[in-house]
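Both complexes shown next keep chain A, but they swap its partner, so chain B is in the first and chain C is in the second.
So, the complex of A and B:
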């Protein structure tokens, strides 16, 4: 009964529920909603169990289940998790549950909406839990397609344009990444070609690919996957996509799906193509600093709150990239922690913004104001989310970004001599972007949305009731828990990132990063 | 040795639990209606004060253990995170320095919380107020007890955010909301340097723990210039939090918060955190003379500049705010002038402690005046004659002012004398500056006192003023006693165990000069303002008063710089993103695709003749290629 595996459970539960919902009559939308919530709840419990049962002393893949599918191509249903995956699975479960809960505002075609949402959750689970490159890619596409449909059908504003733009960008990004993956597959000797990730990693450790091949393949993965993570200049889909998407979609996409590019970079590109990654690091460094500083500056100019959040997430992704580009153990571990923390924070921010939108019908920052008076609960939570976003200690983003900065400070070759001291200039810029620019645009938005006198038209808004509060409180508790005690997560991530860094060190003794 | 580590988390847990309990339970909900009408309004206050009192008891217990010689450093509460060379713990440092600071914070906070019951009596959001105030005390105690740089940074930021929340307590007032935002962002600028400094120090030593960094530096001496740079960067944190020039601009605006907040956070404790932090890392500061020079001058310039500005302010709270700036400058200067072999950081900490008492007293007295004027008048020129109407408040204000100006045998006299003595020994120019500042201090404080409390009443609110209730006056009297006796408690002896050093006094010349400065300042104020003046006599010096009233135009300069720098940059980036990346590049790509489609469509007309034409053209080209 190998198939009764907790990771299979996290993937199949939402799929089973989605399939079940298809057979429900569409008019029983309340029952459909509760069933969907049940499915998401079971999923989050399973993902929590996976995290709890995860053995942090075992650096290999755990909960492995493998069923051969296409023997000739060495393709198989293959799940398993190391520390990075298990943290992302946990993130998917949490955000998926919260996104299902906040969808009170969906009033048409509820059945289709929840089916798509559950498919998204299943796809995200699959892409983080799979160990077969084919399935990793397949599940990512499975999660992505509902996004486009949901923006197009239940979105707001320029939703058709937004759906089209996101589709084009994300499909193009995924396609470029696919070219890279195929090139990677073909670069292996015919006898050793496989989709099996652990085998590939072992193989690459013993027979590294030729440096020029790595240098050729890596940019496909970097820019393809980078587009999915809104790496500047391939980022413009993110703000408009999130501005027009329905709340649950924005939460889930910004929170979880967006992390796929980073995950695949860490999981596939870094260990298999360390030389390529190293040679392209200069380009990545410039782009990620653009993410942080330029993204933050553009966020200052936004008039629509969701656009601002979109650009803010562009800036935060820069931090995750910085951790990856640092090539250090601390930085890479921090990058994974940032992925988790930002996932929760972005979901909370878009969820709350969705509540404001449902109440006021506008996201124009100038139109809003003084909303803490009529909406004390939601307003307070938005203020706290803003604090999380500016990296205030006590929220999960702080330890993540702190580790990234410390890791980046260690990165060899980034130090410039200024007088008697040497200063890591990427850290200077990143900290400026994260701590100062981030504070300016976030607090300005909070000042204009939550504080100040309340316009007469917003006096009668209704604060969230007890049911509506559950998802927000849930996300906030996770954010604070990790912020005050990040050690369990860090300890889970460490063995996995340690292995990747060891692999890089072995592949390139000349540029061996410090540990 | 008694294990006191178990006490310390209890000290922190008190105010934190108070904040959480109030936040979760004290709503406008039905929860308190069962307790009757008084409980409903004041429950939050009782919770906050009760928990804080408990904490203070634990704190006093730990204080006693320190007195009995229990040196407990770096007991780890829990490990925050660790990876590679980075190891962050939540651990304590408890010694004479943190013990003193803990007692000051607990004592002043208790007084101010009791006072707040009276001051905030009619405010509908009183529970929110006490929750935030408790959270502030928690964060402040966290700074005091922090055992490593990152833990200090964590609580440093938390203190910043509680300050932001409390300045913007009346968030519906645009000015309050703006002031909170400004305070947070300006503090962030300082923290930017602070964190870079921590990173640099970690790069040098591989540690973030105070004791381990100290040992590392002792075992492996590093380049003095490198250390100086790291120290100055860490000092940036203090420049932000203690509002030193050039990051002082947020503190006067912070007076938008309720007066108890101004007293506790923006006078007595939080703004002193920068000075405390410098004392905590004195092993770094004292190791680099260059950094000490920079610190001393920063403090000195702040002290003089703020005192000058204070002479021309009219809002009673703003006068006190600039006075706070000036006194913080004194303390920072004292750190920079310290004699590591002698009294060490004692003068700075001594002045910090006495200042906490008399500045809290002054703010609370001002608050009492504001209560009497129905929270609607803070301009001293619209007060006047309050001495007769509220004698106890006036007396307390006078005690505070005298202590601040260093009137003999009051607390400020001893602590200021210690600083002036240091300056006299180490840096004559700064000594001159400090003495002039002392004179200015006496001048602006007594200007404020004479204008507000002497003469005839000059406003309708002042007409109807009457003495405040005992819940307000009680804390005033306690603080007044502390302000008078603060110099006699033996704070120098507590900090410097060597009796010969702690008993040292400044040379007689210094004392005489300080007394002369005091007399001149008070005399000038009395001459200009004590005889019932109704307008400011300094208005006759138009340029001077114009410049001072506008605070040397520093804020205006910053506004222009921010607009020109950050604003333009953001505008440029927004433009590029909208019109170049999203516009030209993306739309251009889309347009090219569409255009290509349009052109290609011409080939697919569905018309047989067209196809035949294209077929013929293609065949011709192929034939041509073959034949050629």
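So, the complex of A and C:
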């Protein structure tokens, strides 16, 4: 294994720090915390370097390192990144660093907490940097068990129930996806079987899998991975899981781990099973619109701010799915951008919510009020996060969702005649769900939390100090930077999504999507 | 008569007798250290099994004793598994010696006699030999299970094991008489040749079913699982561990030999039978484990479900499925030994093995809680533990055979099992302890915990070497 490979570095650095922390005495928790922050910092620097060194003119996989692992199954430790992976690696680094920084509120068993958090970061890095289907899955599962322990030990509210529910849902989803992946592996003739993704992609380009095989395998991946991304009707774990999780876990899970399902759909399912994806697209379209509209409507009725954020993330995931379902170049590129933008935005929202909770001890929207007065800095940040969530221009969500909607508009067969105009009804519904419902619940919550009269009991709250501000400001800067200048990300993503669309076009000339 | 074929077994048996004799010369309070002598001896035999003279050169690889005995790669694979398992169980027993109330030398010797029997099972190629080897194991276990003769639970477990075990042996020997009566031979090769030439008559089918029933008792599959929970709960913890890893593996090697050597012509029939038993075991074991509150009992039910998962691999009935079974058994060995070492370390401190007593274990002993978590995660099949890759191989094997019904049952089993395994983790990590006193763990037990934990994670991450060996062994079985 090449230890100087930058992707290996992003995976192994948090793991090495986690292993090192195991041998620290638990009472030196401050040193442990700083070491964990150092580990996360090195990781974010490495992931930033990977993004900076990434050559956008090269459409193939870069920073490749391959070591044979299990020869008889053609399984290998294989890292490498194209534009999609490198953006997700960058997201993992940023959110991981911010999540480590915000964890001031952990006051018991800090050692275990930081070990688990670092393992989670390593797992997320691994699943985005790996090019071997087995390891992609392996790393995702590696990040899952820390989630269970963290919600259970450091969570709040109905944490035991939430930990169990989240873990069972996610494991069941992951397991269904695993069955699909194994079936995909076995669908190849015995001599060509491999877990190696680039080889598989090459193979599928030359010998597409039979259409009925694709139609059979794709639902395993769609519903298995969909459960991980809280696709309606498998979404109920998300709100309660995030409501009860400790701040860092909610940030990291909602921001990064949840994207795994989308990532694997784009990376594995679309190029390898294009016919299956196309034939199941109708089902996906209905479900994702449920995500956007139904998720948004339920979010309107929430009384707990974290539940609201949880349902809003269910709704936002619908946009990413819409980009995938559109089967268009711009839609798919937008979907990846939405994944990045939502990752940063969700992390920021859950981080700020965690700060409010640490200060006030409640997440009931009704109980809070007028918090901008005692907490001007954090309050302002929350308002800006809400703007980002609503999709206001200037924040990263705007270009992503806009591209997704453009893509959806181009998608063939989604148009209906209303009067004289031909409109795409999914776009209309998504626009209504995202822009109207999303604005209603977010702005109403913000009005109740930040403005209005300040109850006497909240007068004495203290605003975040300079240390506590760092992670929030860091995330917000990224959010605004990508919102105002998304070009570097889009330029990196474009060659990769272009290749996937080319593969689909080649496999299905009849339903060729538009560029 | 080439006795060099038997040299590993003879060495193990000799070692057991040596320990038995040494006991006379050792002070009473030092006798428990004989366990280390036994463990070191077994590891030496394990190292010897890697010598070129044993593995190659022909004189020990091959069959002998009129075809009753076969030494192939699979036999070697299992012999090594039994040696490693018994050595670790011996170390665990040393830590448990205070609870054993005397006679520890005999206890160690019996463990090694059972190990000898298991190593015999690995090479069985004849129904008579099968009976002899299996009874060597079972007889030793009759005594071991009832060892704590002052405890009602242990006695109850002993009686239960004795009666049901005797019943299973009766099935077995009765079945063998049917087979001999109809085919005129007891050799696997002879039976296979007979089945190839003639259609199986009803008495022969009855005989084969009775033999399979006897083996089903050993591997604890439905519907022969009734003894498992009580015996697992009542037996001394190292014996339970040995039952779980050794006895089960011995049952599986016999099952593989009988199915793939003697009954190969009947494959289409037994694939259905094994598949049905596998599905039932997975469902029964996992569903019945859900309400359990006693950790040892819970592991008993989980052992039934794992028998089901292993049978799934057998039901795939190709070399890949068999290699998955072989890999699974090794992963299961370290995983279970890790879990039972934790239970045995707690035996002196906790009143019993109820889950409530495990509450807050993470605060009383972080190492024990971590080891138990690793073991349970591996049992549940969570990466990066060995159990994950084992289940991965099993599922790959049955998906490869397109047995979708079994895939669905297996998937249900996996998700259900997470619930009860995580229930124990939950108790250990976020329930408040009743007492807060730290639980002392002696350094040999610490070493054992670390060894098993590292083995579980090591096999789970670096799967290649073991998977390769398992595949080679399986390919030799299925030509």
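One rule holds for everything that comes next: the second predicted complex is superposed on the first by the 512 of 515 C-alpha atoms of A that agree within 3 Å, B and C clash if a C-alpha of one lies under 4 Å from a C-alpha of the other, contacts with A are read in each partner's own complex, and residues count from 1 in each chain.
One rule holds in what follows: a contact is a pair of C-beta atoms (placed from the backbone, for glycine too) under 8 Å apart; a residue touches a chain by one contact, two chains touch by 3 or more.
Here the structure is a predicted model, which is why all the values come from computation and not from measurement.
A.B. asks: Could you say whether A:186 touches chain B, chain C, both of them, or neither, answering first, second, both or neither?
C.D. replies: second
A.B. asks: Which partner does A:461 reach: the first (chain B), the second (chain C), both, or neither?
C.D. replies: Touch status of A:461: no partner.
A.B. asks: Which partner does A:69 reach: the first (chain B), the second (chain C), both, or neither?
C.D. replies: In the superposed model, A:69 contacts chain C only, not chain B.
A.B. asks: With both complexes superposed on chain A, which partner does A:450 reach: first (chain B), second (chain C), both or neither?
C.D. replies: In the superposed model, A:450 contacts chain B only, not chain C.
A.B. asks: Looking at A:431, would you say it contacts chain B, chain C, both, or neither? Reply first, second, both or neither.
C.D. replies: A:431: touches chain B, not chain C.
A.B. asks: After superposition on the shared chain, which partner residues are touched by A:297: those of chain B (first), chain C (second), both, or neither?
C.D. replies: A:297: touches chain B, not chain C.
A.B. asks: Can you pull the chain A residues that chain B and chain C both touch?
C.D. replies: 168
A.B. asks: Can you list the residues on chain C that touch chain A in the complex?
C.D. replies: Answer in residue numbers: 362, 377, 382-384, 388, 392, 395-396, 399-400, 407, 411, 414-415, 418-419, 422, 425-426, 429-430, 462-464, 467-468, 471.
A.B. asks: Applying the document's contact rule, which stretches of chain A touch chain B when the two form their complex?
C.D. replies: Listed in rising order, the residues of chain A that touch chain B are 165, 168, 233, 236, 294, 297-298, 300-302, 328-330, 333-334, 370, 372-373, 387, 390, 392-394, 398-399, 402-403, 405-406, 409-410, 419-424, 427-428, 431-432, 435-436, 439-440, 443-444, 447, 450-454, 485-487, 490, 494, 514-515.
A.B. asks: Note which residues of chain A are touching chain C in the complex, please.
C.D. replies: 68-73, 75, 112, 134, 137-139, 141-142, 144-145, 148-149, 152-153, 159-160, 163-164, 167-168, 171-172, 175-176, 178-179, 182-183, 185-186
A.B. asks: If we count contacts the way the header does, which residues on chain B are in touch with chain A in the complex?
C.D. replies: These residues of chain B touch chain A: 78-86, 88, 150, 153-155, 157-158, 161, 168, 171-172, 174, 177-178, 181, 184-185, 188-189, 191-192, 195-196, 199-200, 202-203, 223, 225-226, 228-230, 566, 569-574, 577, 581-582, 585-586, 590.
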